[in-house]
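Below are two complexes that have subunit A in common, paired first with subunit B and then with subunit C.
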Partner chain A sequence: MKRHLISAADLSRDDALLILDTAEELAQVSQRSIKKLPTLRGRTVVNLFFEDSTRTRISFEAAAKRLSADVINFSAKGSSVSKGESLKDTALTLQAMGADAVVIRHGASGAPHRLAEWVDGSIVNAGDGTHEHPTQALLDAFSMRRRLGPLDGRRVTIVGDVLHSRVARSNVLLLATLGAEVTLVAPPTLLPVSVGSWPCEISYDLDAVLPKSDVVMMLRVQRERMNAAFFPSAREYSRRYGLDRDRLGRMPDHAVVMHPGPMNRGMEIAAEVADSPRSTIVEQVTNGVTIRMAVLYLLLGGAELEGGAQ
Partner chain B sequence: MSDARPRPATRGPSEPGSTTSSPSVANVSRAVLEGPDIHRALTRIAHEILERTKGAQDVVLLGIPTRGVTLARRIGERVARFEGVQIPAGSIDITMYRDDLRLRPARPLGRTELPPDGIDGKIVVLVDDVLFSGRTVRAALDALGDIGRPRAVQLATLVDRGHRELPIRADYVGKNLPTAMSEKVKVFLAETDGRDAVVLIKEGDAK
Partner chain C sequence: MTAYLIKGASILGGDPADLLLSGGVIAAVGVGLTAPAGAETVDAEGLVALPGLVDLHTHLREPGREDAETVETGTRAAALGGFTAVHAMANTSPVADTAGVVEQVWRLGQEAGHCDVRPVGAVTVGLAGERLAELGAMADSAARVRVFSDDGKCVSDAVLMRRALEYVKAFDGVIAQHAQEPRLTEDAQMNEGAVSGRLGLTGWPAVAEEAIIARDCLLAAHVGSRLHVCHVSTAGSVEIIRWAKSKGWNVTAEVTPHHLLLTDDLVEASSLGAYNPIFKVNPPLRTREDVEALRAALADGTIDVVATDHAPHPVEDKETEWGAAAMGMIGLETALPVVQLAMIETGLLDWAGVAERMSATPARIGRLSGHGAPLQSGSAANLTLVDPAARTVVDPRASASKSRNTPYEGLTLPGKVVATFLRGRPTVLEGKLA
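Entry: the complex of A and B
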C-alpha cells in the first residue's frame, strides 16, 4: 500500500481487498463491550476539516479512538485559518506537532495532494472539492460486499449529481478495480466533461437500467452547488431520476439501495425507500467507522515506510 | 514466534527423517516430530486437559492463527471422542496486540471466532504451535482481557523450544525441544500444509 490515501486510484486490487478483509475482522470490535484496540497507542491523528462535515469527521474520530490513537480536531472555523493562514502554514504547524496522520477535507480539489508534499505523516483524503472521497468508496464497497458477496461482475448503478460528486468518482474508480460494472445515470447537465474517460457506462434512462442492477446508489442533489439551471425543477428531477417505491419494485429482489448521506428525502430518494430493509443507509454509517479503522491501521500500524510506494 | 510459521516462500524441507541439505542453500533440516508423534502428543494433551480441569467442564479452546486454530480443533475432537464432552473451539487473532508491529509493515489480520457463549467465567485454553519468546502469548492475554473475563487461562503448545523473553510457561506441552537461537522450528499440519511434521532447521548462513 502507498503511504497516503488520496485517490481511490492509488489502490491496487490487492490493496483494496486487504482493506476490505481487514475491515471484516475489525467489524467484530464494534460489537464487543470494550470497543478498543491498543494498536495505535502513542500515534497522533489530526482531523483537518476546512469544510463542514459531521458524519465523516465523527467517523474518523471514532475510528482513530478505537485504535487508541490520540485525536486532534482542527476545523477551519474559529481557527487561525479564519485569520487568513495559508494551507502551507497550517501544514507546517501540524508537522511541528508531530502528526502521524492527517485526515483532510478541503473545498479545493487537490488540497490533500499538496499537503502530502509538506507533511511527513500519512495523508488521508476525506473529500477534496469535487475530486475524490476514497474512504466513502471503500465503505460503500464494503457494504455491498457484506450484502452481496464478492463484487466481480456485479452491476452497480450510480444515479444523480455526478458533476459535483466526489463520491461518484471515487466509487467508479474503486469499483472498476474490484471488477464491478458501473453505470452512471444522470441528466446530461450533471455529468462532467471528462466522464467519457472513466471506466464506466453512461445512461440517461433510469428505468432501463434498474432491472439489471445489483446495487443502486443514489447521490445527493447538492442544492448548495445548484447555482446554474442544471434541471428545470426539483419535481421534474425527482420524477425522472428519483428512486420511489415503483422503481424499487422494478429492481431485482436481491438488489440493494445505497446513499452516502445526507439524504434529501422526497427528492432523490423516497422516504419509504430509504427506510426499507433493502436500503443499506444505516449500515453504511457503521461500516464507515470500521473501514476507517482498517485504513488507519494499514497506514499507521506497521513500520514507517520509506518514501512513497512500498 | 513468527519464525515458527511456515511461509509459502519456504519450501517444505527434504524427506522427513533424512538430514540432507538442499542443494542451493546450506540449511540443514531435520524432522523432530512425525505425523504419529504429533497425534500421540495431541492425544496426551487432550487427556491432560480432561484430567487437570476435571472433565473439561467450562473449557473453551482458543487457537492462535494459523496453526494454533487447527491444533485447537484437533484437541477438541479428541476430548469429544474420549469423554463425549463437546468443548467449544475458536480462534483469537493477536495481531493488533503485538509489541513488534512497528518493526514491519502492517500485516493482514487473522480470524477471531469466539464461541457464542463467550469466555466470561470459562477456563480458556490458549493453543499455539510453537512456544518461543512468549510474546505471542502475552499479546493473546491482552486480547483476552478486552474480550471478557475468563475464570482461568491455560496454555497448550505443540512444541516448547525455549528462549523465553517473558515470564510465561505452558500448562500442556507436546514436546520440549532444546534449540539454538539460530535454529528455526517449523510446524506443518495436514489441514494447511498437506502433511504433519515438526521440522528443525539449522541455518547454514546467518541471513
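Entry: the complex of A and C
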C-alpha cells in the first residue's frame, strides 16, 4: 500500500481487498465486550478538521482509540486557523508534534495532497471539497460485501448530485477497482461535463435502472442547488430522482439501499425507505469505525492483530 | 555615451554581421566593421540578434503590491528576458485609472531604466465595470497611454464595451479585453474538462472565453474599432479570431508562453505535486488540443503576438490549498526560451517570425514608437542577443523578479539572453544586469 490514502485510486485491487479483509477481522473484535487492541500504542493520530463533521470525526476518533493510538483533535473552528493561519503553518505545527498520521477534512479539493507535501506522517483524506472521500467508499464497499458477497459484477447505481459529491468520485473509482458495474443517475446539470470518461455508465432515467440494480446509493442533494439553476425545485427533483416506496418496489428483492448521510428525508430519500430493512444506513455508520481501524492499522503498520478471527 | 560594436551576430538567424550602436541608434550594419575609438566590442559569435522584445501584458504590481513585484524588480526581469519595453497592466492598488497613477508608473519605469514601461490604463473606474475611466486624460498624459484594459476582469457589460471601443478611436487607442464571461466562471478554478471533473475543481469552460471574444469581434466590427484579445487560451477562440480576421475586422490577439507549452493535466500530476497552485492561472491551462491550435495560430498569424502575462505573487499566496491560491505565473525571463522550445524547435517559426511576434507587432499594437524596428542603420538601438544553443535548468530562486511563482521549475529550457540594449545602452551584458 501507498503511505497515504488520499484518493480511492491510490488503492490497487489487492490493497482494497486487504483493507476489506482486515476490517472483517476487526469487526469480530468490535463485537467483544473489550473492544480495544494495543496495536497502535504510542502512535499519534491527529484529526485535522477544517469543516464541521462530527460524525466523521467521531468515527475516526473511535477507530484510532480502539487501536490504542493517542488521538489529538484539531478543529479549525476557534483555532488560529480561523484567524488566518495557513494550511502550511498548521502542517508545520503537526510536523513538529510528530504526528504519525493526519486525518484531514477540508473544504478545498486537493488540500490533503498539499498537506502530504509538508508533513512526513501518513495522510488520510476524510473528505476534501468536491474531490474524494475514500474511507466512505471503503465502508460502502464493506457494507455491500457483507450484504451481497463479492462485488465482482455487482451492479451499483449511484443517484444524485455527482458533480459536487466526493462520495461519488471515490465510490466510482473503488467500485471499478473491485469489479462492480457502476451506473450514475442524475439530472445532466449535476454530472461533470466530462463524466463520459469515467469508468461507469450514465443514465438520466432512474426508473429504467432500478430493476437492474443490486445496490442503490442515494447522494445528499442540497436544496440550495436549485438557486443556481441545477434543478427547478426540490419537488421536481424528488419526483424525478428521489427514492420513494414505489421505486423501492421496482428494485430486485435482494437489492439494498445506501446513503452516506446526512440525509434529506423527503428530498432524495423517503423516510420509510431510509428506515426499511433494505437500508444499510445504520450499518454504514458501524462499518465506518471498522474500516477506519483497518486503514489506520495498515497505513501505520501496527503490530500483529491479536484475537482476530484468524 | 559609449559606443558598442557587436561582432558576428546572426541577425534574425541569418548570416553573421556586425552592428555598431552609437548615439542611441544603430549607426551601421555590415560585415567587418571596425570599432571606433572608445567603443566596446561585444563578441556575438553564435548569437542571434533580435529587436528588443516588447511585452503587451506585464503585471509590475506597483503601486500597491510591492511585496510581489516593483517596477524596479519587474523591469530587471524584463531586461534579462530580452525585453526593451513592457506594458504595465492597470490592476494595481490604486488602479491605474487616472492620469496621476499612469504617470507615476511611467516615471518609476524611467527611473529604473531597465526597459521602457508603458502603462496600460483601466477601461473602467476601479476595474469595477460600471463607468468609463478618464481614458482621454490617460492618453494625453506624459505616459501617453494607448492600450486600455481591465485585465484580471472582463468588461462584460456589452454597452460599456461598445462605448470603450468607440471612445478610444479619438486617440488611436485599443481595448485589450480579458475575455471571461463572469457568470460562467463563478468560483472557477481550472479548465473545465476531464481533469477538473476528476479533481473536483470548479470548471472554467472554454465557452466563457469564446462567447466574449465572439461578441467583442462583432462589436468592434460594428463600430469600426480596434480590438485586442488578451491571452487567448482555447482552440475555439482561435477559430473565432480567424473568422473575424477573414472579414477584415481590426482584431489582434495574444497568446502567453505558458499556454503554448503547459496543459491542465499538470494540475493532476506533475513532478511538483498534485493540486500545486504553481499551475493556477487565469485563463487556465487547457488541453493538448488547445496548445496545438494555439501554436498553429501563432505560426499562421491568426494570433499576432506572444505576451507574457507575467503575474508575480508572493510565496504565501501560492503555498496554499488550490482554491485559496492566487492565479498567475511569472514569465518575463522564460518567455523567449519557451517560445524557442514551442515554436522554433518544432519548426513552426523562424527567428524572423519570433521577432515579428514578440517585438514588431506588439510595438505596433501598442503604438509604441522606437521599438520593434528592423535591425538596420538608423533604427533606435533596442535589441537583444540570444544564445540559442544554451540550455538552462529553471531555478525559481535565480529569478530577478521579486516572486518565485514559475511553473517551469526544474525544466530544462533552450536559449539564453546574453545581452540587451536599450537605445544603445546595455541593460544586460554577459547574461547579467549591466
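In the analysis below, the second predicted complex is superposed on the first by the 296 of 310 C-alpha atoms of A that agree within 3 Å, B and C clash if a C-alpha of one lies under 4 Å from a C-alpha of the other, contacts with A are read in each partner's own complex, and residues count from 1 in each chain.
Keep in mind that, in the parts below, a contact is a pair of C-beta atoms (placed from the backbone, for glycine too) under 8 Å apart; a residue touches a chain by one contact, two chains touch by 3 or more.
Predicted model only: the values in this text are computed from it and were never measured.
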Touching partner for A:117 - first (subunit B), second (subunit C), both, neither: second
First, second, both or neither for A:195, with subunit B first and subunit C second: second
Partner chain(s) touched by A:34 [first = subunit B, second = subunit C, both, neither]: first
First, second, both or neither for A:211, with subunit B first and subunit C second: neither
Which of subunit B and subunit C A:179 touches, first, second, both or neither: neither
Which of subunit B and subunit C A:131 touches, first, second, both or neither: second
Partner chain in contact with A:301 - subunit B first, subunit C second, else both or neither: first
Partner chain in contact with A:150 - subunit B first, subunit C second, else both or neither: neither
Interface residues, subunit C side, partner subunit A - complex: 189, 192-194, 196-203, 205, 273-276, 316, 319-324
Subunit B-facing residues of subunit A, complex: 1, 18, 21-22, 25-26, 28, 32-34, 36-39, 297-305, 310
Of all residues in subunit A, those that touch subunit C in their complex: 86-88, 106-111, 113-114, 116-117, 128-132, 166, 169, 192-195, 197-198
Residues of subunit B that touch subunit A when the two form their complex: 93, 96-97, 101-112, 142, 146-148
